[in-house]
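You will see two complexes here that share chain A, one where it goes with chain B and one where it goes with chain C.
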Partner chain A sequence: MKAGAARDPLTIAATAIAFVTLFAATFPLFVTTITAFNATNETVFPPNGWSLRWFWNIVAQPELVEAAAFSLVLAVISSAISISLGVVSAVALTRKKFPGRDLIDAFLMSPLLVPQVILGLSFLVFFVRIGSKQPFLNLLLLHVVLTFPYALRVIRSSLIRMNPKLEEAAVGLGASSLKSFFLVTFPQMRPSLFVAIFFCFVVSFDNFTASAFLTVSGATLPVQIYFNIESSLDPTISAISALLIVSSAFFVIVADRVVGVEKIV
Partner chain B sequence: MKAKLGVLLLLLPALGLIAGFLIALTSVLVMSVMDSSGALSLESYRSFLGDERNLTILLQSIWIALYVTVICLLLGYPIAIAMSRSSRTVASLITLALAIQFFSIYVVKMYGWMLILGNNGVINRMLLGSGIVSAPVKLMYNELGVAIGLTAAALPLMVFPINAVLQTISLRYEEAALGLGAGRLRALLSITLPLSVPGILSGVILTFVFCFAAYLTPGLLGGGFFKMIGNVIYEQAVARFNYSFAAAAAVITLLISLIAIVGVNKASQVLAGGRQ
Partner chain C sequence: MKQAGIEIEKITVRYGNSVPVRALSLDVKPGEFVSLLGPSGCGKTTTLRSIAGFSDIAEGDIRIGGVSVRDVPANKRNIGMVYQDYALFPHMSVEKNIGFGLRMRNVSADEIRQRAFAAAEQLRLSGFLDRYPQQLSGGQQQRVALARALVVRPDVLLLDEPMAALDKQLRSDMQFELKDLQKSVGITTVFVTHDQEEALSLSDRIAVMHDGKILQIDKPDTLYQFPATRFVAEFVGTANLFKAKVSNVGGKSRIELDGLNVSIQLDRELKAGEVEVMLRPEQIEFGNEASVSLPVRVQSTVFVGVATRYQVTTASRQVVRVDVSGVQSVRPATGEQATISWRLSDMRIYRDGRLEP
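Our next item is the complex of A and B:
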């Protein structure tokens, strides 16, 4: 059925526009990766000679390595908190009927409506007022707020699609409701948990705009890269960017194999 | 009753978290109506709106967000059509390319555009090398560079919601129109396009708000020569500790975003009403 539709001239034209646009949109990622292999300190494409020295140079810049470790830890912990909160809240929102449920749902999703600069400024002003000078904890709170709505949305929609009768059947057969949740519902949630982990991790690790308000010194990797770009354009930035491009492409392809790419877009 | 209490207990941590976020958001509102001594005052709004430079930046932020949204719609709609209608292999190739672009690190994407658009970038080296120009063409550190960067960053925000709606629209409606003698373009424009309006609206809102409140893209590709409202908020808050002024600018930004969201929804209702 789809194959027949593909032959009509409009779809062909749309596909042509899609290919040209996506080529232009992904070309900078390709160029960045290639410029990481430059032989001299000129970040140019095509490279004027080949070397791996800029990749080794990442290790010689402790601020990049520290920022990468910081961002990784931040992304792992904030994702873990958001997903635990997401599971618990999604169960409450889908399994029980109570007045004001849609309102609470909208309330919990509200951080997504606020532009990042305003989120960042809010937390900056808030932490200044309460005198909190804990960069990691401040960023952790911000990142949980940023990632939680994604976790909730993904997990909730998978719970809605599930048949509650299965869990009821387990209870009817004598399982406690907790036991039936872990034996019946939880296994069915696994694909959506995978998607939620993917989203939370990317949203946290990638976040620049809101985080920049809380890290003047450049604690997270995107903020550190931004400062490095502003101060110089040596190919070390291309090298760390190349590593990031290759790893995010790798994770997208893994996600495509595990749950299908249409689940994450 | 016991079950309801249980629900509340389950929701309590998340409610606390988001309440904390709303308190933080409110503190911006409070900060915006305070002067340096902490007294109630509209001084920050007065000094923001009284300075012509700020108004220019605000207006050019709205303008660039508007036309980038239109460009994203013109490029994004055909992409969504291609995703939902071409053969399985082609569709998943397009989706995968878009996902890889979308999920790469934002700052890295914009750095990539700097390598393309800079004076020593890919385009200028090609132009200079082939002798078409004798001096580099200025493609970034101006409005053009910021517009290109924003279009690239926001495109998936337009495509994904439109694609999600198109996937649910049966091709049979269009086939019926074709059977009744409509041309392909007419069938697309009069059947599928109106049905996909909800997806277009979410895409337009997401894209506009993202572009209007952008900070990273104008920061790198504008390089201080083309500023947007996000840059003003960041500079005032982080570099000058002028929280009250930054807060006033943020409240104005939030208000304009809300007006845009409400306006787009209202416009769609009028459009829907006009068709019936």
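Our next item is the complex of A and C:
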């Protein structure tokens, strides 16, 4: 039965398309990663020779290290805020009934649909207008807006899938609504929280377009990488990209082991 | 165990424009097992949920053990509830599931453990305390749900179609087990079901519901033999209904079945007019020994073990169901002409859908 299914033309075609798509999507990543090992200061593929010097060169460029640290802090704080807000909003949107709920739901998801250029520009105009002198807080607010819809979507879908009878059963057994949330609802949300953290972190850490508008002194890593490409084309950028690619892959694998990739999407 | 009765006094439940329960009253005596039986949407689950405190009542009152619970929130009502899908906490072991209600009552860890063990023993779950719900079979999950509900020593036990997800064999085993358990614990129980056989076999009394109201509440045998309305007759068991006319001549009533050349002399007096005559399939037999008889043609037969079910058609093309049990010898074959007959005392007569006394 299984062998027969594998041989049917539709399955073969679908498998082939999946592999082609996978290859097309990941090939540039392979090229970038491999160019990081160039021996000379030209970013060429295939490399002229092999060395690890460009990886050491990252450390020699303090602006890249600073930008990475800046992005890390920004991603951690903005994810934490988005996830806290996401839990509260998702509970309200799925468990409570109030007027205008669907409208608010749609509104909270809307940053996903606004082009990032427009989002970045609007924030810039807004911050200039109110005379904000806090570049980090500006970026933080932007990143919360960017990551919040992901947190909300992931957490909300886990709450929708959850059997609402469980909370009721807990209340019937004597739990207050707060206890029912912390002892029954929350433990079941946990896998979705890991997923939400992952999404928020990646969305924040990778964001270039909108963040570029708000970059004044301290740049985020993607923006700093862009600045560096403008001035020099040596493989240092490939090296840092390679590190990002490998660590992302590592996180995806860990996430899959912990909660299962099928739950992420 | 202390026993508390439930008194429901004219409760009405509203959800926006719909009114799932309308001025419903019901008294459940301490220790009694009452089923709410009815088609989906009749308000039986809503009634159960308002006893539990999950559906707000717009009017009326509910008293448990003589005390009004109208303003008592669900988590303070001391009620045990079992759901159709059991609603076991998937992230907790069987022991934690059973102990949850005690934990909410701030019982000491030692006592929780002891009582969870005892409850598990009573429900044959001793070997499963460390397992998680998804590692158990449907029947085991149901017993965990029962243990979890009973371990807190609730005033009343509410069961919301707890058998619906079980297969037939297991369901009938669980019915016996549930009934034994309920009697030995002696707990007042309200059971919601749409399965009439289940209600008949488990209940002390059955309340048949329709459109947010109780049409009739009686012991199972009374309900089956003397359905108060045509709806109850058709919902509980199978009902053969004949349209008929009552006429009075010289102080004696006769019934003529419409379209059939049958005239039945009654032993009592009835008002003249249109009525319906109801008979259960097992009250009809082949042959003409009983007092009322009628020629038919056998359309089909189905053997179901305890009986053979016949579908026969009358001269007026009405289909009549006849159950012939093992002891009866007359068994006509499909396509044959036959005579069916019944006793006068088995006939139930309905006028405008209501039983004539």
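Miscellaneous remarks
The working rule: the second predicted complex is superposed on the first by the 253 of 265 C-alpha atoms of A that agree within 3 Å, B and C clash if a C-alpha of one lies under 4 Å from a C-alpha of the other, contacts with A are read in each partner's own complex, and residues count from 1 in each chain.
The definition used in the following text is that a residue touches a chain if its C-beta (ideal position, glycine included) is under 8 Å from a C-beta of that chain, and two chains touch if they have at least 3 such contacts.
None of the values given here were measured: they were computed from a predicted structure.
After superposition onto chain A, the modelled positions of chain B and chain C are compatible, with room for both. By the touch criterion defined above, A:Asp8 reaches chain B but does not reach chain C. When both complexes are overlaid on chain A, the residue A:Leu173 reaches chain C alone and has no touch with chain B. In the superposed pair of complexes, A:Val59 makes contact with neither chain B nor chain C. Touch criterion not met for A:Leu103: it reaches neither chain B nor chain C. When the shared chain is aligned, chain C comes close enough to touch A:Val184, but chain B does not. Within the superposed three-chain model, A:Lys165 lies in touch with chain C and out of touch with chain B [touch as defined at top].
Set against each other, chain B and chain C touch different numbers of residues in chain A, with B touching more. Between chain B and chain C, the shortest distance over C-alpha atoms in the superposed arrangement works out to 13 Å. Taken together, the two complexes place no residue of chain A in contact with both chain B and chain C.
Touching chain B in their complex are the following residues of chain A: 1-3, 5-6, 8-11, 13-15, 17-19, 21-22, 24-29, 31-32, 35, 42-45, 85-86, 88-89, 91-93, 96, 98, 104, 107-108, 110-111, 113-126, 128-129, 141, 144-145, 148, 152, 202, 205-206, 208-209, 212-213, 216, 221-222, 225-226, 229-230, 233, 237-238, 241, 244-245, 248-249, 251-253, 256, 261-262, 264-265.
The touching residues of chain B, counted against chain A in their complex, run 3-4, 6-7, 10-11, 13-15, 17-18, 20-25, 27-28, 31, 75, 78-79, 81-83, 85-88, 90, 92, 94-109, 111-116, 118, 120-122, 125, 152, 155-156, 160, 163, 171, 184-185, 188, 209-210, 212-216, 219-220, 230, 233-234, 237-238, 243, 246-247, 250, 253-254, 257, 261. Only residues 52-54, 74-76, 78-81, 83, 85, 87, 89-91, 100-101, 104-105, 148-149, 152 of chain C touch chain A when the two sit together in their complex. For chain A in complex with chain C, the touching residues are 163, 165-166, 168-177, 179, 183-184, 187-188.
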